[in-house]
Amino acid sequence: MTLQARGLEAGYGRAAILSSIDLTLEPGGIVAVIGSNGAGKSTLARTLAGLLRLKQGEIEADGVLVQDHSAERRARSGLILVPEGRRLFGRQTVAENIRIGGRAASRRSPERARQNVEMLLDSFPVLRERWNQKAGLLSGGEQQMVALTRAVASEPRYLLLDEPSLGLSPRLTQEVFRLVTLIARETGAGILLIEQMAEQALQIADFAYVLEQGRITAEGPSSEVGSSEAVRTAYLGK
Amino acid sequence: MSARRLAKVGALLLTASVATACGSGSSESSSSRDAADSAVIGVIGPKTGPAPQFWTETNRAIQLFAPKIEKQYGVHLTFTYADDAGTPAGASRAVQTVLNEDNVDAVMGPPQSAQALQVADVVGRAQRPWLLHSASNATLVPTAGDTNWAFRTAYNSDDLSDVSGQVLFAPIDGKDPVVGIIYSADAFGQAALETFKTYGEQHGVQVVGESMQTGATDFNSGISRLKAAGVDSLFINMTSGADIATVTESMAVDDFDPVRKYATANVLADYRGLASPSEWKGLYFIDPENFNGSAYKAILSAYKSRFGGVPDLYTTVFNTYAMLDAYAQAVKTAGSGDDYSAVRDALENLPAVHVEDQSYEKPFGPGDGELDEPDAADWYVMGFDDTPQGNIVTLGTVQHCIDKGC
Amino acid sequence: MKPTNSPRTTAQRWTGRRPGRRHAGLRIGALQRDLLFLVAAAVVAALAILPGRTGEGTSIATMQLVGQMAAMIVAAIGLNLVAGLTRLVSLGQGAFYALGAYAFSYLLLDVGLPALPAMLVTVLGCAGVGAVVALGSLRLRGPEFTMITLALAVLVQQILLRWPELGAASGYPNPLQHGTGLLDPVSVLGFEFDPPLTGGVVATAMVPIAVITVVALVLYRNLCRSAWGRSLRAVGESDMLAAHLGVNVFWRKTAALALSSALGAVGGIFYVLIYAHVQPESFDLFLSISILLAVLLGGGGTVLGPVIGSAVIVWLQQSQVLDGVTSFEQEHLSSSWYLSTPGLLGVLLILVLFLMPQGITGTLAKLWSHRAGQTTSVETEPGIAGGGDERRVVRLLEQPDQMRDGAQALLLTDVTKRFGGLVAVDALDLSVDYGSVHAIIGPNGAGKSTVANLVTGVYRPGSGSVAFEGTELSTRRPHDIARLGVARTFQTPQLFSSETVLENVKAGFADTASLPWWKASLKPPGQYRREAELDRDARALLARVGLAHDERTLAGALAYGKARALEIARALARQPRLLILDEPAAGLNSTEVAVLGELLMELRRDGMALVVVEHHMDLVASVADVVTCMAEGRVLARGTAAEVLADQEVVAAYLGRPAEDGGETLTDPRPAGGGQA
Amino acid sequence: MMDVVVTGLVTGGLYALIAQGFVLTYITTNTLNFAIGEFMVVGAFLAMFLHGNVGLTGLLAIAVAVLVTGLLGGLTYRVLVLPFSTEGKHDTRWLLTTVGLSFVIVNLTTNAEGANRQPLGFGNVDSIVTVLGERVTGQQLLLAVVAVVVTVLLVVVISRTRLGGDMRAVSEDAETTALMGISPRRIGALSYVVAMMLVGLGGILWAAQTGVSPGLGPPLLIAAFSAGIIGGLTSLWGPLLGGAVYGLVTAAVGTALGSLWGEVSGLLVVIAVLIVRPEGLLGRRVEIKV
């Protein structure tokens, strides 16, 4: 029972942005994909979620090849992406956003999804206060909270988070990451944390991949990756 | 691909297309023209376009009556058809095709004024008989004059206005009426308005005109304007019966019920199916022929047994018959269709044209290409009875209605 | 990219040398091609009207067909300027065709103008109407523009149907008002041009129709293939891109629509010359759609596509060739449920969009380039793209005084930009000197690209000043700023993907913005020289960025690294003094990055001021004189690359070191609205 | 004066109902069906056939015809709109394919049924009703009432139901909606079905009064299109307002200057709205991101 990508190649137009990507994600674990701007992180997230057709390779979720499935079908089977920039429905309320997130879970385990949402709301009561506000009017941190809660409402088996720290202060980033840990623990979903903030991401991840120029240049347990030169090189040059 | 190559390909394609276009005519006829007493008629009509019923009725009338007339006069008539697509350019193209490629001896149609207008000069210059079997505008499509080659078996707009004017402009309760005219926004309708206006000026009668777009969803604003102007004598000169239904519907809505309501025989197409008896109560229409007369009865029953149902355009069928009869006689007299001026002279001097048991003595003459004369005593006023299907009833001649009221 | 090893001396030797007779061969080549086109067009036109030379009756229908083709061709090439090149899909071309036809007839008969002035007034008048329509509608794009032109087409027909002075439904002229249904033959200098209406009369009107069509085609072709045409393609690609090439997008679109309308009017004039009479029902929406269909079928945006499309469409409509299909349907499918010509044209429209989205010529061209693309060798004119030449272009031709090394090029003072509640750039100070590279680094969302957009005029700063060589930029628009000498590349390369690499670079030259349309279409001898220069300079630029062997490739087929290189070459074409590169190394492999680095160093040596928004630290470390690290819109650190990369705060921001206490939290509920991004 | 207001508003109801067919699809898919007039024709012919030839009762014939028209709308979306709207907001190929479809339908129905108007044979409220002291036909009033009811229903459904939430989500951000397990294509197809059902219903009720013909579409296409643009294609209330404005302007100008200038004035209003406020009176301005 894993999410596996084998030999992925993807990109826009003729250009390949990703090539020969292999990665594995298991339920309950947090796997970080780190890399600098432009390394192809978002392309990877979009390819896995089905927003971008891959040129080559396979994606297998729980033993089913899903690379030909549409994004909505993958979502309904529990492969959930929180896209870069959160992409909330800004004209709808927080409640509506979370409710619509539940649509992906409606055929599997809506009840469990509801419980998990309650659990998150208990930990972050600020969202209950914003419950009937338009999501577009919330602050960046609050929006990220809503996006994560919305994802949990989808009862993810595999949760892809594309740069949840984007545009957030380090302090808020830390909170978001705490929430990610909580989600992993409580929902049992496998979380692929695609991040630029390497050190913080590595702190909560079990395993990590380093993405550079569309290829995986290093991988291993996050503690090892974090202390390796590979990371500093990828980010700060030699 | 370099521009040079593109240019070459373009040139090739262009040449090819031009070449093919030159080669493809529309000739649907390939008759032997050698036989004496034979003629080729080029029929132009809107096969495609917004009013294909003109095309249909013309063709049906030809199918129905041509064999009989050929036999009757011992002439051989060949028909070649060209589609004017309901546009002036289409008519221009069609007339060129029949004149030059099919080399016809006579042109029949186009039936609609706008198209006829575009080709009038061309047919005139070609000096071949032009057979107009459909109501058209006398000024735009004239049949008189020294170089006249046109002959019309339908009424023209001037005659229609003349006769209808005699009824509509007649005093109501001893006072001059306010005359209203609702006309189609086309060449025929506009000419009708002009004639009425002139007529009104001559007689000191107020004339109010409102035009209506074919297929308009309602005519409420036009009706309120007519009502506001105090119109009590109304003429509805529309090409489509469906549009007349829209007019009478709006009249009902606006509670506008003038003392006189007249229309043309176009009211027979579609109108009764779309309006209700209450709307056609008191609505009369004018035509040179009596639709309850024996000639019409014979034509309609022949039409019915061949095609099932009545024609959309009664008059087109009737007038096509009359035209075929006239032309066949002229060809017979001239000996052959390709002696154009002999045929023309023969047409001008025909002793009589027959439609079934009805005849028109000396219908045409030099400078007179009109079968119908604007004589109120010869035209009929008809209406519908109260039954849901609205049977046609003949109220009498126009003169009768002027004298005694209808 | 290929590093250059050519010694500086070669470059200087080249700089002093003006192109002279050496390029005569090239110039004649272009001239020959143009002459060939002229001759070919003239021959086709002559052949087309040849059947009418005797005035025989049988030729009249053909002459009308040819005339209608000509009318459709000029209207369609006009529409192509708007719908094909500028990609503003207009359903209003029929309106200008109608206006042209009516205006010309009215001026001839009612106003009594002689033919030539009447023609001139008609064309100018319609161009004016087109410009007015443009002024009102150019804010609209996509479907909205189509809708307003659709409304215009319907409106014009409705008005013509009703206007009493123009005969309304009786047409113009009509016997009722004018005593005749046909206009007199048009006469110029005593020579009468008879329409193809009467057998036995030679349709001399076909001669001016043919001549004008050929002239219009030649001028139009020149225009399309000129820098002016390139500017329209740029607008079609994106307004933003065109503006960054210095093109005043608004006026360029207005001019395109005016020209297009003028050509539409010429189509209408042809109609009058052929039929000598106009009727409103000839100019219905179907006409507008047919013209657009002609453009699409032939290939929108290509030079000859609309010509071929028009010929095919008119032929299909007017000859009875589709009747065969109809009778086939009637015999084999259904005698009542069948399609005739109008319906079949509807099917054709759908099929073209489905099967040949690039039209006949586009599809042929694609097949051609597919077949020939791999084997095409680069035709290098001797001495043009040789090793040493490339430097001549990279080195600025003249160095303005203000460009001495070390002088300040760009100065941002206290610049702040907010988007809603988000502060993207916060009180930023930044200065860039000539002969230096200023790198801006920082994590995603730090505001780096916003800086690039503020300098190039995409955004206006909320407060603060942006000055280039002392000129305030904050109130200027992108095309203005580009003309001052600022060029840029984009985060994702914006290229004309269906054009060749060479054409892409040529779009970068200042001519794209500055060449007037009349000069472009008349193409005086100087233009041949200029085009040859552009070709040569563009090739040199391509050689410089390592694309010498790709000049015939379609830009859309380039690999990512090459696409970036091409974009840089295009940005350099204008010889900017300040160049802003937005993530130039993204997607490049390490060899390519190294070559890019060398290129940047050379530009720097040439005295250019460079701003590089980058995340590739190797590149930054090797080229940047000054590095500014931004985070959350503010400057985190500034200094040399070594200093900045060693800065602990920078390292933390990059790697995401866990934060200290303080700032907003989400666990403690606070009043609504207190939160901050 | 009052009669102009009443007639204008009542005729505006028909335009509003058809314009709703534009708005529904525009909200969810950013596309319009330019063959909308021909879908009215299809609906009306189907109803006539089902009633006259198959022998269904009036209401049943209407229901089936409306449903089939809706399904044809869904098919149109799948085959002629979806594949031609893949290149972002500036992709206008769908406009041309639907225009092509309208040619096909007009031609096909003209060839098969002739250009004449045929009575539908049922469904006409054949009476004159007095509203605010002014007389209007029962059928037009019915259409106006249906337009209002349909609009209210749509607003309720879209703001209150789960499906409505999905539709709003798709209209805001189709891609993200897909990430929620909702198929934007299915929502798009559904909105085409519903939209063309409304159009079919409008076509049938209208044809019941004026008769069925292939030429039924164009006059109403222009009016409905105008109503949609004036009201704003992104607002469900837009058609009602746009229909009312268009109906009032054409009625008022028609009464003042003659009915033929009415339509011209309506088109001038459309052009003015597109120039001054392209999103329409009630529409939402779409921000352009760089």
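By letter and in written order, the chains are A, B, C and D; residue numbering begins at 1 in each of them.
As a working rule, a residue touches a chain if its C-beta (ideal position, glycine included) is under 8 Å from a C-beta of that chain, and two chains touch if they have at least 3 such contacts.
Heads up on the chains, UniProt names are A = ABC transporter ATP-binding protein; B = ABC transporter substrate-binding protein; C = Branched-chain amino acid ABC transporter ATP-binding protein/permease; D = Branched-chain amino acid ABC transporter permease.
Quantities reported herein were computed from a predicted structural model and do not represent experimental measurements.
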| item | value |
| --- | --- |
| Neighbouring chains shared between chain C and chain D, ordered by label | A, B |
| Chain pair with the higher count of C-beta pairs in contact (B-D, A-D) | B-D |
| Chain separated most widely from chain A, comparing mean CA positions | B |
| Interchain centroid distance [CA atoms averaged], chain A/chain B, Å | 76 |
| Centre-of-Cα separation between chain D and chain A, whole angstrom | 42 |
| Separation of chain B from chain D, taking each centre as the mean of its C-alpha atoms, in whole Å | 37 |
| Cα-centroid distance, chain A relative to chain C, in whole angstrom | 40 |
| Overlap residues in chain B, where contacts from two or more other chains coincide | 48, 185, 213 |
| Per-residue overlap in chain C, given as positions that touch at least 2 other chains | 161-162, 340, 342 |
| Multi-partner residues of chain A (each touching 2 or more other chains) | none |
| Chain-to-chain touches, reported pairwise for every pair that qualifies | A-C, A-D, B-C, B-D, C-D |
| For the chain C and chain D complex, residues of the former touching the latter | 87, 89, 136-137, 139-144, 146-148, 151-152, 154-155, 158-159, 161-162, 240, 289, 292-293, 296, 336-340, 342-350, 353-354, 357, 453, 458-459 |
| Chain D to chain B touching residues, read off their complex | 3-4, 7, 11, 14, 110, 114-119, 126, 128, 135-137, 140, 206, 209-211, 213, 215-216, 218-220, 223, 250-251, 254-255, 258-260, 262-263 |
| Residues of chain D defined as touching chain A within the complex | 162, 165-166, 168-169, 172-173, 175-184 |
| Touching residues (chain side chain D, partner chain C) in the complex | 30, 32, 80, 83-84, 89-93, 95-97, 99-104, 106-108, 111-112, 222, 225-226, 229, 260-261, 263-264, 267-268, 270-271, 274-275, 278, 290 |
| Of all residues in chain B, those that touch chain D in their complex | 48, 50-53, 56, 185, 210-222, 224-225, 240, 242, 245-246, 249, 252-255, 269-270, 273-274, 276, 312 |
